[in-house]
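Following are the structures in question.
Okay, so subunit A shows up in both of these, paired with subunit B first and subunit C after.
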Partner chain A sequence: MMSPSVARRTIATPVLLGLLLIAFALVAVAVGSKPFNQTVIDIFLKVIFVVGLWVFVGNSGVISFGHIAFACLGGYVAAWTTIKPMMKGMSMPGLPDWLMQTEIPYWGSAMVAAGWAALWALIFGSVLMRLSGIAASIATFAMLAMVNSIYSNWESVTAATSSVVGIPIIRSIWPYLVAALISVFVAWAYGISRHGLALRAARDEPTAAAASGIDIPRARLIAFVISGAIMGMGGALYSHSIGIVTPDTFYLGLTFITLSMLVVGGMGSLSGAVLGVLILSTLIQTLRWLEAGVQLGEITLALPGGVQEIALGAVMILILMFRPAGIMGNKDLSLPQRAALETRGPTGPRT
Partner chain B sequence: MGSLLQVLFDALSLGSLYALGALGIALIFGVMRLVNFAHGDVIAACVFALLWPSVDAVAIIFAGNLPWYLLVPFVLAIGAALSVACEALVFRRFRHANPATMMIASFALGFVIRYFLLMLFSSRPKSISLLPALSQPVEILGARIPLLQLITIAVTMAVLFGLTAFLRRTRFGLEMRAAAENFTMARMLGVRANRVIMGAFALSGALAAAIALILGSQTGTANIMMGASVMLMAFIATVIGGMGSLAGAVLAGFLLGAVATVMQVILPPDARAFRDAFVYGAVILVLIFRPQGLLSARGTRERV
Partner chain C sequence: MKRLMTALAATTCLTAPALADDERIVVGFATAETGFMQAYDKPAQDAAMIRIAEINAAGGLLGKQIEVVNADTKTDRAEGAKAGLTVIDAGADMVVVSCDYDFGSPAALAAESAGLPSFFLCAESIKAGIQGVGPNSFSASVLAAVQGATMAEWAHNKKGARTFYRLLDTWTEYNKGICDGFDWMLPQLADAKLVGEDTFLNEDASIAAQITRIKALPEEPDAIMLCTMMPGAVSAIKQIRAAGINSMILNGSGVDGSYWLSAVPDLSNFFVPVQGSIYGDDPNPDVTAFNARYKEATGGDPSTQYVYPGYVMIDVWAKAVERAGTTETAAVVAELEKMNAEPTLFGPRTFTSEIHHQNRARYLIVETKAGKPGVVDEWTISEAIPVAELMK
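Up next is the complex of A and B:
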């Protein structure tokens, strides 16, 4: 699948990104405050989502508006498999008996969610992956809207638009860190595998790639399924982080924020995906903190409500104005001496 | 007969909204390959232009009290001005960026507009009575059709004919069509890029304002999210019409309106809640069979 030399040459990227994530976790432990803990959990969840998105969007160049649908599928798997059977009977009476009796730990539900989302990614993907460009983007959006519409109306198994409560809440930061690390390493491994390489070739030169024997729809489908699985796992963990799930949690808001993080960070590289999350999340958190008010001696300085979002939008526009390919461009983080030797980053040529 | 007519008018008036929205998105896509996500927020901003800024639940009508022959040009001008300002301040810097970057920039801009409105007006929907004379029903062949629906359809038709005449008969229209076809070539032949792009943004903003007027009088509320749902459908219509094809955008807009209305009627009651899922399923089917859109513009076809 992958030659060991490529793996050795590029391993620095996921290791550095992993160390960065671990540093965030350690800061959270050191600070020790509960809200901050929750913030860092939220950042790890976004890392999972955006890295999942990158596996498909970054490698194929097709913008997908639909990946949050897989997170939605995963989120409800967590509800179906981990809520106590008695509570399930009240909120979701239409579940089949065997599922009604199931009660598994959170890591089990995350794995089942990944499998379930991958299955649906395979089903949707085998139809959608024939499309390219903007038609593919709209088709993935239609998929998201379909999933949302079904989950918002299928009263007996999803409790429609009312929130499903009673999902065991996991407050520890470590499971989320481990999941984020897993997704980063899976994304890296996919990126340097022959399938990832083939897909990037198809992204940059579709005609030449097809002429070299790359089956483009198939290459895209592989990425779609892997990214679907990561999104599904993220969706399940998202449910466990807040304890409730509604269809609208996983809709346009989350779609746009994750896409923005990916594009602002730089969709051409895995480092761009991870750093996009870390930078934008830090910015959002700082603005929230300013909005709540900062004590400066006698006076409290606070931004008026709404300024936070306006500033976020303005900063995003400015970043893209000066770095149209995102903060990282198409480069990956690597150790300095290697960067000097290699003109090409591990995840593809500069375009 | 009566109910059939009712369905027809429902479909046409819903389709009109989608067609106007799709046209606004397609005009800009044609000249600069930008998928403008800020369009929905321009629509919302136009509705709020009628109100005086306040965070109270009761709207303070400001420009909304003007007589209609002043009100309509006022709102259209606001829409056009806002849209041109977006171009001059933001999109001009993104002329050479890739489509994904432009898309996210337009989304961020829409975000800024939306929260600016939120800051001035708060997020609560406000009730407004805009042109109340229009909500009374008219009886046609046994069907009771709201006057507003007739006017919506008539206005859309007028806009479509006016725009067609503008694009076909005037020099500016010719330049715009040339730019939509092949921008680089048009520039080489002396079409001034900035002027054409400005013009496209102004027209698109005015179309957004027209939607704002119709939506405002239809729903009787002003809501900062009100442009979003029309924008999404309009966006879909633009794509299945064939990106960049104005006729295709209009056709697909009406088609989407028709499909949504007809499904509401013919689906069995149990499945009616899932109407949107069926509509989006139909969208996927259309894309699978005609990925380049129903009427594809010549310039957007993928070349080897």
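Up next is the complex of A and C:
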């Protein structure tokens, strides 16, 4: 599959990103405040979503507006498999009997969610991946609208637009850290695999890639399924982080914030995806603290409510003005001595 | 990497969390200060603050001044969970959460898992309480189903309505709740008959098809039970009247307020159940006095009856704390559950170990006559709506 030399040459990237995530987790533990802990959990969830998005968008160059649909599929898997059977019967009476009686731990539900989302990514993808460019993007958006519409109306199975409650809440930071690390490493492994390389080749030179024997729809489908699985896992964990799930949580708001994080960080690299989340989340959080007010001696300084959204937009425009390819551009984080080698671009494995 | 360091440095600039302290009594508001829920949360929260100020002025609770901490949910569920945890960390003894069940439940669940009591500001779903959060969660308002049941029974007994038409806007749980209460009450009313029913969606620009079916009835129904809310309600009402249908229109509390009446000039034969009157004609003069205090504190009159539950909430909670002699959760919840027809400014309130919501309540009936709303009557349903019925 992959030549060891490529893995060795690029392993620094996921390791550095992993260390960064671990550093965030340690800060949360050191601070020891519940809301801050929840904030960092939220950041890890965004990392999972954006990395999942990157696996497809970054490698294929096709912007997807539909990936949050897979998070929605995953979120409801958590509801279907972890809520106590008695409560499930009340809110979702239409579930099949075997599912009604199922009660598995949260990590089990995250795995099932990944599988379920991957299955649907495979089904949708086999059709969608034949399209390119803007047609593909709009088709993914149509998929999001479709999933949202089904989940908002299928009363007996999803409780329609009502919140589904009773999902066990996991407030410990570690499961989310582990899941974020898993997604980073899976994304890295996919990126350096022959499939990832083939897809990037198809992104940059579709004609040449096709002429070299790359089956572009198939290469895209593989990325779509892997990214769908990561999104599904993230969706299930999102449900466990707040304990309720509704279809409108997984719609336009989350779609656009995750896409902006990816674009601002830099679509071209895995580091861009992760750093985009960390930097924008840190910025959002800082602005929220300022909105809430900061005590400076005798006086409290506070920004008017709503400034956070405006400032975030302004900062994003500034970043894109000066770095149109995102903060990281196409570069990945790596150890200094390797940097020179990296800038030449990946040479990729020969198969 | 420099950017990274800045980012990391920024995250560590946190103030240490305030420690919970038994010497203080703290009410934590995890409500929306921004976003669309703010329009619902802010008025009720202002009313709650008025009650807190009154209690503090009268010497406080258990001899201590009530302190308040706030956290903004941004009308977002994930932020709601954080807001809940923030006020809990700041030492809240009771957590007040957003008006709506969907937006309030993440913070309420956070309070529940921290073993603290929580109150929804004005949620009207049975889920806002034991059934959807846990044994320490309450709602300060009255169930939507009670509004539908109240209107049906009152129209039958006081207005002689016998033929009813049910028009449901399927947009929200609240709307469905009103019609569920109506459905439960109707079969118990002698000679009352449902002559037809229909549904529409709040965003529908035209309900011409539904109106045609009402017009096609051999006789105009005595009353139309209209289960809807703003903003779609205005257009529906306007179209019903423009079509020349003059039946009584019965509503839930969601359409209370005079702010929209100019859109339907000279509206008549229009009835709304309210917990208290914002029109200055409440039978209880203390309510009118409260309205004046509210205006003094916020600079404006209450715009709808949804201001009042915030006041009731602090009132009943403070009484329970006073009786329990502590803010300890189990004791306070036990005292709340002992309340049976506990008098408040806006009617008696009852909580039991089965339901932390009102499945029966006194409602004032506001009639709009030639575009002028005013209280004409009051009504309490003859029997509380059974919990099993509400859970359907």
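The rule is short, and it goes like this: the second predicted complex is superposed on the first by the 342 of 351 C-alpha atoms of A that agree within 3 Å, B and C clash if a C-alpha of one lies under 4 Å from a C-alpha of the other, contacts with A are read in each partner's own complex, and residues count from 1 in each chain.
The rule is short, and it goes like this: contacts are C-beta pairs under 8 Å (C-beta built on N, C-alpha and C of every residue); 3 or more make two chains touch, one makes a residue touch a chain.
Since this is a predicted model, take the numbers as computed values, not measurements.
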{"item": "Which of subunit B and subunit C A:Met143 touches, first, second, both or neither", "value": "first"}
{"item": "Which of subunit B and subunit C A:Ala7 touches, first, second, both or neither", "value": "neither"}
{"item": "Subunit B versus subunit C as contact partner of A:Ala189, first or second or both or neither", "value": "neither"}
{"item": "Touched partner set for A:Met111, first subunit B, second subunit C, both or neither", "value": "neither"}
{"item": "Subunit B versus subunit C as contact partner of A:Ala135, first or second or both or neither", "value": "first"}
{"item": "Subunit B versus subunit C as contact partner of A:Gly305, first or second or both or neither", "value": "both"}
{"item": "Shared subunit A contacts, counted only where both subunit B and subunit C touch the same residue", "value": "305-306"}
{"item": "Complex contacts: residues of subunit B adjacent to subunit A", "value": "35, 90, 93-94, 96-101, 103-105, 107-109, 111-112, 114-116, 118-119, 228, 232, 235-236, 239-240, 243, 273-277, 280-281, 283-284, 287-288, 291-293, 302, 304"}
{"item": "Subunit C residues touching subunit A - in the complex, by the definition given at the top", "value": "3-4, 7-8, 10-12, 14-17, 33-34, 71-72, 76-78, 80-83, 85-86, 88-89, 101-102, 105-106, 109-110, 113, 127, 132-133, 172-173, 391"}
{"item": "Complex contact set, residues of subunit A against subunit C", "value": "20, 23-24, 27, 30-39, 42, 90, 161-163, 165, 169, 171, 238, 241-244, 246, 249, 253, 275, 278-279, 282, 285-286, 288, 291-292, 295, 305-306, 327"}
{"item": "Subunit B-touching residues of subunit A, taken from the complex the two chains share", "value": "63, 127-128, 130-135, 138-139, 141-143, 145-146, 149-150, 153, 207, 252, 256, 259-260, 263-264, 267, 304-307, 309-310, 312-314, 316-317, 320-321, 324-326"}
